[in-house]
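Two complexes, one shared chain (subunit A), two partners (subunit B, subunit C).
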Partner chain A sequence: MFSRNLFGCLLLALAFNATAAEFEVGQKDKQFSMSSLKIKAGDTVNFVNQDPFFHNVFSLSDVKTFDLGSYPQGQGRKMTFNEPGVVEVECAIHSQMKLVIEVTK
Partner chain B sequence: MRSAFKTLLWLVALGFALPASAAEPGQAGPEEAYKDVRGYIVYKTHCVLCHGIHAEGDGRAARNYNPRPANLRLSDKNDQYKEMIIRNGGAAVSRSPFMPPWGQELTDEQIRDVVYYLGVINVNSKTVSQR
Partner chain C sequence: MSTDRRLILFGRTLLVAGMLGLMVGAGMAATGKPDPYRRPAMVPAPADNSITPARVELGKMLFFDPRLSGSQWISCASCHNPALGWSDGLPTAIGVGMKKLPRRTPTILNVAYNTVFMWDGRAASLEDQAVGPIKNRDEMDQDMEILVERLVAIPGYAAAFERAYPGEGITEKTIAKALASFERTVVSAESPFDRWRAGNEKAVDESAKRGFKLFTGKAKCDVCHEGGNFTDNGFHNIGLKTPKGMSEDVGRYAQRKVKINKGAFKTSTLRDVELTAPYMHNGIYQTLEEVLDHYDRGGDVKDNLDPNMEPLNLTAQEKQDLLAFLRSLTGKPVHVMIPQLPR
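Showing the complex of A and B:
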């Protein structure tokens, strides 16, 4: 009985991992590489700094509030979005940088 | 004729020299006043998000952080320290890693100006003319 349940849980976990995707968003020339992105709940976005100076990623959206800190060229920071809704992502160093992520169920 | 020309030259030279020393004691000269304004512009553009419009550590992003961004009006740090943390970021001085390094974004003059502005608004600082 126990091993059956365990097997079921493993299957569920595998199924969840199989559906979760990872997206990459570049930060280049003081802009995000896209202005909007549609993802599903559970997906991860990797923000990669392609500029020769520091970038930051943060959001004050109700759906997801976070700050991934500041990081130099070549480095990236990942964030997983579990709740559906609209997340506005910004850079604290370059206020003109805006990205809207739509997270669907 | 020659002495009149000489007098004219002196008057012109005096005219150039006057604005630099026109400020009354206890008042900021024009250059200092501009430094103050330039610093305010830098602050408003880059620092308000976290430190707030009144520099009290209550910007719109402040709720993201624990500890909260510093109340810069109450700061007891000297200008050299402020310049260092602005230039190199919080992590470089073992403070909040969320304070970005601004050294690549701001010019030396902008950093000096914003440090000057922070001194002007600091409740513990000396008056502008004494700085």
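Showing the complex of A and C:
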């Protein structure tokens, strides 16, 4: 019984991973590489700094509040979005950098 | 080579030279891309508040009118004094009842080009910003309803509002729009740096040219002070000490509670920077030399320091060159006519 449940969990996890996708958003010339992005719950976004100075990524949206901190050129930081809704993403250093992520079920 | 062929080549050379001249004159770099340091040619304005002479005239009267304050003796120009680089020359501002305020009065020079307003970015538009200090209890301490009643009772204002905003009346919104329209005309004039970028090699000396190279190179100033208005409209904690007697100021953090924003303040323009001492949000430095020494040290307070800040190891000559460059950003003097106020 125990092994059957474990097998079921593994299958579920595999199925979940098979459908979850990863997206990349660049930070270049003090802009996000897109102004909006549609993803599904469970998907991951990798925010990659392509500018020769530090960027930050954060959101204070009710659906998802996070702060990925600040990091230099060439580095990326990932965030997985599990809850559906609209997430407004910004750079704390450069206030004109804005991205809206729409997370659907 | 035939004479015709030589003439064609000569003509082509002239054409290319002429095109290059036009490009430089139009603020184009030799690469064909627009010069990112070109002084902005146009002043942006929102669609619902385009700049007109009537709006600017009204906004100017309001800007210099002390009746906008609760006490009726503080005007916008009391702190944003055109004779002091549109600031007040003080380390930090003085508000209602001679109260010493915690931050320096920022210049309004070139505020038209900003995308976010106030030291902590709490105003999203120049219209929002314009009425902020009027309503602030520590600054002009004015009740907007009382202000509207006061202005409505002055016939000269009624006519000026009708010319500027026909049918919209005298409201908080039209007061804000008129003030913003005037502020959009307060832009710095052409500087030696601009003439140099346009192709006049004699407009600045060799020291200033070396300074600009340092500015965009070893000293990394352009990481924040970028573009034609020399600001990224961003927020940075540059490791300033808190002057004695003043409380620690969290800056942008009060608006966006993200760790990096603690102690971060908006990047100021550098145009006419020579005219806008003292410097920094808390007015801690009286001279540009002190400012350069601060950046050369990589800041003083390391807690939550912007990661772009680090010691620069500038030589004495390099600091002189940077100073020469910064002084080359001073525009031609702009003469300001003080308006007669309606009574």
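Here is the rule we use: the second predicted complex is superposed on the first by the 105 of 105 C-alpha atoms of A that agree within 3 Å, B and C clash if a C-alpha of one lies under 4 Å from a C-alpha of the other, contacts with A are read in each partner's own complex, and residues count from 1 in each chain.
Just so we're on the same page, a contact is a pair of C-beta atoms (placed from the backbone, for glycine too) under 8 Å apart; a residue touches a chain by one contact, two chains touch by 3 or more.
Everything numeric here is computed off the predicted structure, so don't read it as measured data.
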Quiz item: Which partner does A:Gln96 contact after superposing on A: first (subunit B), second (subunit C), both, neither?
Solution: second
Self-check item: subunit B versus subunit C as contact partner of A:Gly69, first or second or both or neither
Solution: both
Quiz prompt | Touching partner for A:Phe54 - first (subunit B), second (subunit C), both, neither | solution = both
Quiz item: Which of the two partners, first being subunit B and second being subunit C, lies in contact with A:Lys40: first, second, both, or neither?
Solution: neither
Quiz item: Between subunit B (first) and subunit C (second), which does A:Lys78 come into contact with in this model arrangement: first, second, both, or neither?
Solution: neither
Practice problem: State which residues of subunit A lie in both footprints, the one left by subunit B and the one left by subunit C. | Solution: 53-54, 56, 58, 60, 67, 69-70, 92-95
Quiz item: Okay, in this complex, where on subunit A does subunit B touch?
Solution: 53-54, 56, 58, 60, 65-67, 69-70, 92-95
Quiz prompt | For the subunit B and subunit A complex, residues of the former touching the latter | solution = 45-46, 49-50, 60-61, 63-65, 89, 97-98, 100-102, 104-105
Quiz item: Mind pulling up the subunit A residues that touch subunit C in the complex?
Solution: 30, 53-54, 56, 58, 60, 67, 69-70, 72, 90, 92-96
Quiz item: Tell me, which parts of subunit C touch subunit A in their complex?
Solution: 115-116, 121, 220, 223, 232-236, 252, 256-261, 264, 306-308
